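Paired with chain B in one complex and with chain C in the other, chain A is shared by the two complexes that follow.
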Partner chain A sequence: MPEVFIDGKRYEYEGEQRLLQFIQDQGMEVPFFCYHPSMTAPANCRQCMVKVGQPVKDRETGEYEKDEDGERVIRWFPKLQTSCNIMIADGMVVKTQETDDLVKRAQKDNLELILINHPLDCPICDQAGECPLQIQTYKYGPEGSRFEVKKVHKPKRVQLGPRVVLDAERCINCTRCTRFTEEISKTHQLTITSRGDKNYPTAAPGREFDDPYSLNTVDLCPVGALTSADFRFKARVWEMNQTPSIDISNGKGCNIDIWTRDNLVLRITPRFNEEVNDYWMPDEGREAYKRFNENRVSRPLQKLDNEQVNSSWNNAIATISEQVDGVDKKDVTIIASPHASVEENYILAKFASLLGMNPPVFTPHVEKGKGDGFLLTDDLAPNANGCRLLGFEEKSAAGIAAAVEKAKVVLLLSDHLADRGIITTDKLKDTFVAVFATNHSETTKNADLVVPITTAAEHAASYVNVDGRIQRTFPAKETKYSNRRLDLEMSEGRLDRYGTSFDNWITEENKIDCLPLWRFMSELAAYKGMENFAYTSGREIMDEIAAANDLFSGVSYEAMDEQSGITLDKTKTTVKL
Partner chain B sequence: MEYEFTKEDLKEIEKIKAKYPEVMPATLPVLWVAQNRFGHVEPEVQRLVAKTLGLPEAHVHGVATFYTQYYKEKKGKYVLDVCTCLSCQLCGGYDILEHLEKTLGIKKGETTQDGKFTLNEVECLGACGYAPMLQITNDKYINNLTVEKTDKLIDMLKKDEEPEYEEIEMPLRKVK
Partner chain C sequence: MSSADWKNYEPVLIPNVKDIHKIDVYIKNGGYSALKSVLTDKKKWADSKSVVDEVKAANIRGRGGAGFNAGLKWSFMPPADGGPRYLACNGDESEPGTFKDRKIFEYNPHVFIEGALIAAYAMQITTIYVYIRGEYLAYIKMMEKAIQDAYDKGMIGKNIFGSDYSVDFHVTYGAGAYICGEETSMLESLEGKRGYPRVKPPFPAQKGLWGRPTTINNIETLAHVPSVINRGAGWFSSIGAENHPGPILYGISGHVNRPGVYELPSGIPILDLIHDVAGGMKNGKKLKAVIPGGSSTPVLRADQLEGITMDSESLRTAGTMLGTAGMVVMDEDTDMVDMLWRITHFYHHESCGQCTPCREGTGWLEKIMLKIKNGNGEVKDLDLLLDITTQMEGRTICALADAAAWPVRHTITRFRDEFEARCKKSAHAVV
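Moving on, here comes the complex of A and B:
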């Protein structure tokens, strides 16, 4: 197998590989800015310099030439090389900053050059704390600058598009953002204007940078030049908690990180998953963070004399129990939801079957033409395939409307059917409708009982995407009944761990008065005296599903965590409608 | 204002495109076609070039702004690029520039009211041997400038008489 020597250590490799990527894959480091594993490598930041040589071969014999100590004779490249765009070759010898002073010096001087016109405004810059330029300057940069004259000034606070703001002075012209629009989103909206020390990225004159994936450039930008118009100045990165999760705004199930502070979701960023979304996500998915904070149903609501009033959990339980018992079991319609997780849907189905009610039905939430073949899908719900795999009957909009009309009692799981125009609100008048919901809507407004349940940001639960891949979320945000320090699934941020009580402020209103559906249903089951129906976590529900349903065999939270999601049997998840 | 290429322009553009395996490299020569036609490559013209070549507007903009020889705004009919880089500076480049500023009644970087002249201060144009010098609209070099020679040039240009190409004898290598 071909070999390469890096800092005196021998490594074997296969196929074509970029030196910088290979070094990183071995867990070592070379500083860099412009390289990105998913894009071309123009090698324009010049930060990733290393020393490279090839052993000298005797042309006649094909043998490596040896010096008097018996070591291979190395012919070094006359100049340092950028490791990002050099491919490794058999026998190559590489020295990084760890073993070579010239490399160290080159990297330091390059940073000094890059910083000449950089404003060094880290204290007011959004990127600080997660800024490759800041981090690498600390690690490899010079301690000061010899440049003591006026810096070049460039445009600041340029609204490149509806979601992205540019500070051209911070830009180091790595062209990651322009390459993103050329190679990944393919809208070709950005270019570098001008040249020399005056250049910076921009859209064509009079045009907006309104790429549906524009916010990825904000993540890509290795400095604070591109910032999110929405997130700008809202929080310092080290104040937030970062929790892995799944995008619930469409059917693709992009892997994301949810960033919270004081139990408010402040932003959503993509998380790498080669199988699903690579490093990217659509802007729409990021906007969905608002759903976790705003307009939430907190505490059960009940209709009395045609007006919804705050109720209590006990009341909610008693009311549902009473209503369900008051009618023939066949007159209860249970509507499952592609917007809810596999676990929630399963719990509802199990409850129905134990009480001898009709099994749940559901209708997918599809908007034709929404998808783009990349990360946007026609399917606007994260878990339609989960409902299919659970064996629920898939109904058309009309079918659902008819089922609602026929029923005397409707239990509806977080699907805003009235808002989607599937049922009209007057159809809900004569029926008792209980909605398990996360957010207020026209549908909840017209319900007789609204039970607040947790969102994907508040529970650990799984969702099956359009490609039949099951992936799960982690609780990111506390509810009235959960606690970051006690729930081992929840992430703790720097402030949670090291802060004093003066650093951590807690706003009680940010914790929603809601329960995971399985906890509520368990309480309800206990009230009704049902046995074998007590669930405290999504984890145990998934274990139960995996044991009972062949289609989910082998699925567990551990397995999903290990493989960042599992692709299930595709044939069972095709759309029937 | 709506810009359109003429039939002849389009024919020429087709010829340019045929020279390259892809369209992208045609950007530079086609920008020249545009600048020769309209006298500048304002954003509107850049857009026309992009549309004609079927390339992203951002790309054409990036190329046009990279080179100072493309005029991104309307200029005078004659653009005078006066060199003030080292050799010209030592031989009186600034005097020529100031003289021109006075005669034309504009500052460097500006255009005369009648739209006839634009005056620029530029860096080395590679004619150090015959400094001081200036260049007219990306084209002819006027060398070994004196105040008198400059005045004569302005008078000619005012009458739209173009100066001849100047032939310079090199000390070690005879031209011709």
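Moving on, here comes the complex of A and C:
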């Protein structure tokens, strides 16, 4: 197997590999800014300099030449090389900043040069705390600067597009953003303008940077030059909690991180998953953070004299129980939802079957033409395939409307059918409609009972994406009934770990009065005296599904965490996913 | 012909013939005979490779500044695979002090066109681009006319001289960026992109214009090809300095009586060029310094010039380079601080901004130079300047950072007294 020597240690490798990537893959580090594993390497930041040599081979014998000590004779490249665009070759000898003073010096020199025209406004910069330039400077940079003349001034606060703001002075011209629009989103909307130290990225004159993936450039930017118009100045990075999750705004199920502070979701960023979304996500998915904070149903609502009033959990349980018992079981229609998780849908189905009701039906939420073949899909719900795999009957919009119309009691799971124009509310006057919902809508407004349930940002649950891959979320924000310090699924932020209770932000109103659906249903089951129906977490529901349903065999939270999601075996089902 | 015998040299690129820029005059004076010979004389030129070998033997060292053997460069082209291949002629001469290609465009365009056609044939290339700097608007028009004339005469186009060789010739021009004279950024510019130099490898011979094999030659380099074909490699390599043979277009500017472009053998003593060819120093002033080959080549003090000849080896021993042979002569009244500030200003203005050391370094150099020029500098600034040049040199994709760093380093080290005299007196004694 070919070999390479890095800082005196031997490594074996296979295939074609970039030196910088290989060094990183071995758990070592070389500082860099412009390189990105999913894009071409322009080698323009010149930060990842290393010393590279190749052993000398005897032309005739093909053997390596040896010196007096029996060591291979190395022919070093006359100049330092950027490790990002060098492919490793058999026998290559590499010295990084750890073992070579010239390399160390070159990296330090380069950082001094990068910083001379950088505004050094970290205290007011959004990127501070997650800034590669800041980090590399602390690690490899000079202690001070010898720059005593005037810095270059460039445009600031430029609204490049609806979602991205540019501060050209902070830009270090790594061209990650322009390469993103060329190579990944392929809109070619950004380019570098001007020359030399007046360089900065911009859209064409009179054009907007309205790429549907534009916010990825904000993540890519190794400094605070590109910032999100929405998130700008909202929070310092170190005040937030970062929780892994799944994008629920469409069927792709992009892996994301949810960033919260004080139990409000402040932003969503993509999380690397080679199988699903690589490093990217569409802007639409990021804007979906608002639905976790705003317009939430908090505490149950009940219609009395045609007016919805605040109710109590006990009342909600008693009301549903009473309504379900008051009619023939076949007159109860349960509508499952592609917007809800596998666990939530399953629990409703189990409830129905234990009581002898019709199994749930669902209708997918598809808008033709929304998809782009990349990360946007026609399917606007995160879990249509989950409903299919649970064996629910898939109905057209008209089919759902008909099923609702003939029912006497409707249990509707977080699908805003009235808002989608599938049902009209005036037809429901004689029907008792209970909605399990996260947010207010036309549908909830007309319901007889609204039961607030948790969102994907508040519970751990799984979703099956358009490609049949099951992935799960983690609770990112607390509800009235959860506690970050007790729930081991919840992330711990810097302030949780090191702060006193006076350091952290605590606003009780930000905690929504809602329950995970399984907890509510368990309470309901207990009220009705049902057995085998007490769940405290999505985890145990998934274990139960995996044991009972062959399609989900092998699926568990542990397995999903380990493999960042599991692609289900589609051959096992006859249902078209 | 030895360099010492330069007074008897008969110019071939810019011969003393009236109206040689007109195609009829050029043909009447033996023009396009070399092209005809390589295309039709199968006894002399069995195949295109024999042309490459001849040019390689002549050792035409690239006249754009790097001095690489042109024939050797041609031989790097992969064998023709039926797909497009390109010859890109670099007429973006923007180095301060250099104006030799302009002379060819203006005075004898067909010698270049003929050379380019022979080169294209030798490498089995069917498309030629000539990239001319945008400021040369008049010469762009002249070149367009000359190429049209050559098309009309059947020198360019389909089945030239009845052979099965066809070629197209296009004029394109820059928009005022020095960096587009760097060969790979010229390719980017030709492709209609921003003039950013490319990372090598891959080299243009493997992946050049639009990802296809491409050779890039300087205008003057190609203009030498017809005479190599007509008179043989032996004739060419016997002229001037052995390691850097052939005639060179010397562009002499500055404080001399007769500035201009002169075609003479390589390896002429610098002092002969100044005092004989260029008619000596203006107003009888004393010679102070010479930049031998364009602004990026390190400056030489007058006392360093004795015995130095205009060829790469001799100039290397003197601590500078031949570059483009665009020589800038400075007399005793020249302010070296001002001169160096102007050069740093140029490189700051022209850095493309791709690589950090060059983008930031060139600006820093200029700003410190401005401070010194205005009398606000300190002696420590001179050392800082030297330090910055080491931070820039050899750490970028193309050679612009080197070109910006060398004049600073060598002007300061060679004229340190003058720079220190411009600096503020330090409040503290330097120990």
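Criterion: the second predicted complex is superposed on the first by the 570 of 577 C-alpha atoms of A that agree within 3 Å, B and C clash if a C-alpha of one lies under 4 Å from a C-alpha of the other, contacts with A are read in each partner's own complex, and residues count from 1 in each chain.
Convention: a residue touches a chain if its C-beta (ideal position, glycine included) is under 8 Å from a C-beta of that chain, and two chains touch if they have at least 3 such contacts.
Everything quoted here is computed from the prediction, not taken from an experiment.
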Note to self: Following the superposition defined at the top, how do chain B and chain C come out on chain A, clash or fit?
What the structure shows: clash
Next item on the list: May I ask you to decide whether A:Lys368 touches chain B, chain C, both, or neither, giving the answer as first, second, both or neither?
Entry: neither
Next item on the list: Tell me which partner A:Cys45 touches in the superposition: chain B (first), chain C (second), both or neither.
Entry: second
Margin query: With both complexes superposed on chain A, which partner does A:Gly206 reach: first (chain B), second (chain C), both or neither?
Written below: first
Note to self: I'd like to know which partner A:Asn173 touches here: chain B for first, chain C for second, both or neither.
What the structure shows: second
Note to self: According to the stated criteria, A:Ile192 is in contact with first (chain B), second (chain C), both, or neither; which is it?
What the structure shows: both
Next item on the list: Could you let me know whether more residues of chain A are touched by chain B or by chain C?
Entry: C
Check: After lining up the shared chain so the two structures overlap, which partner does A:Arg10 touch, if you call chain B first and chain C second: first, second, both or neither?
Finding: neither
Checklist line | Residue range of chain C overlapping chain B upon superposition on chain A, of 38-46, 74-82 or 272-280 | finding: 272-280
Next item on the list: Mind sorting out which residues of chain A both chain B and chain C touch, each in its own complex?
Entry: 191-192, 194-195
Checklist line | In the complex, chain C residues that touch chain A | finding: 177, 179, 194, 196, 199, 348-357, 359-364, 367-368, 371, 384, 387, 390-391, 394-397
Note to self: Going by the contact rule set out above, which residues of chain A touch chain C in the complex?
What the structure shows: 41-47, 49, 78-80, 85, 106, 109-110, 112-114, 116-117, 146-147, 149-150, 152, 172-173, 175, 191-192, 194-199
Check: If you look only at chain B, which of its residues touch chain A in the complex?
Finding: 43, 46-47, 50, 56-62, 65-66
Check: chain B touches which residues of chain A in the complex?
Finding: 178, 181, 188-195, 202-207
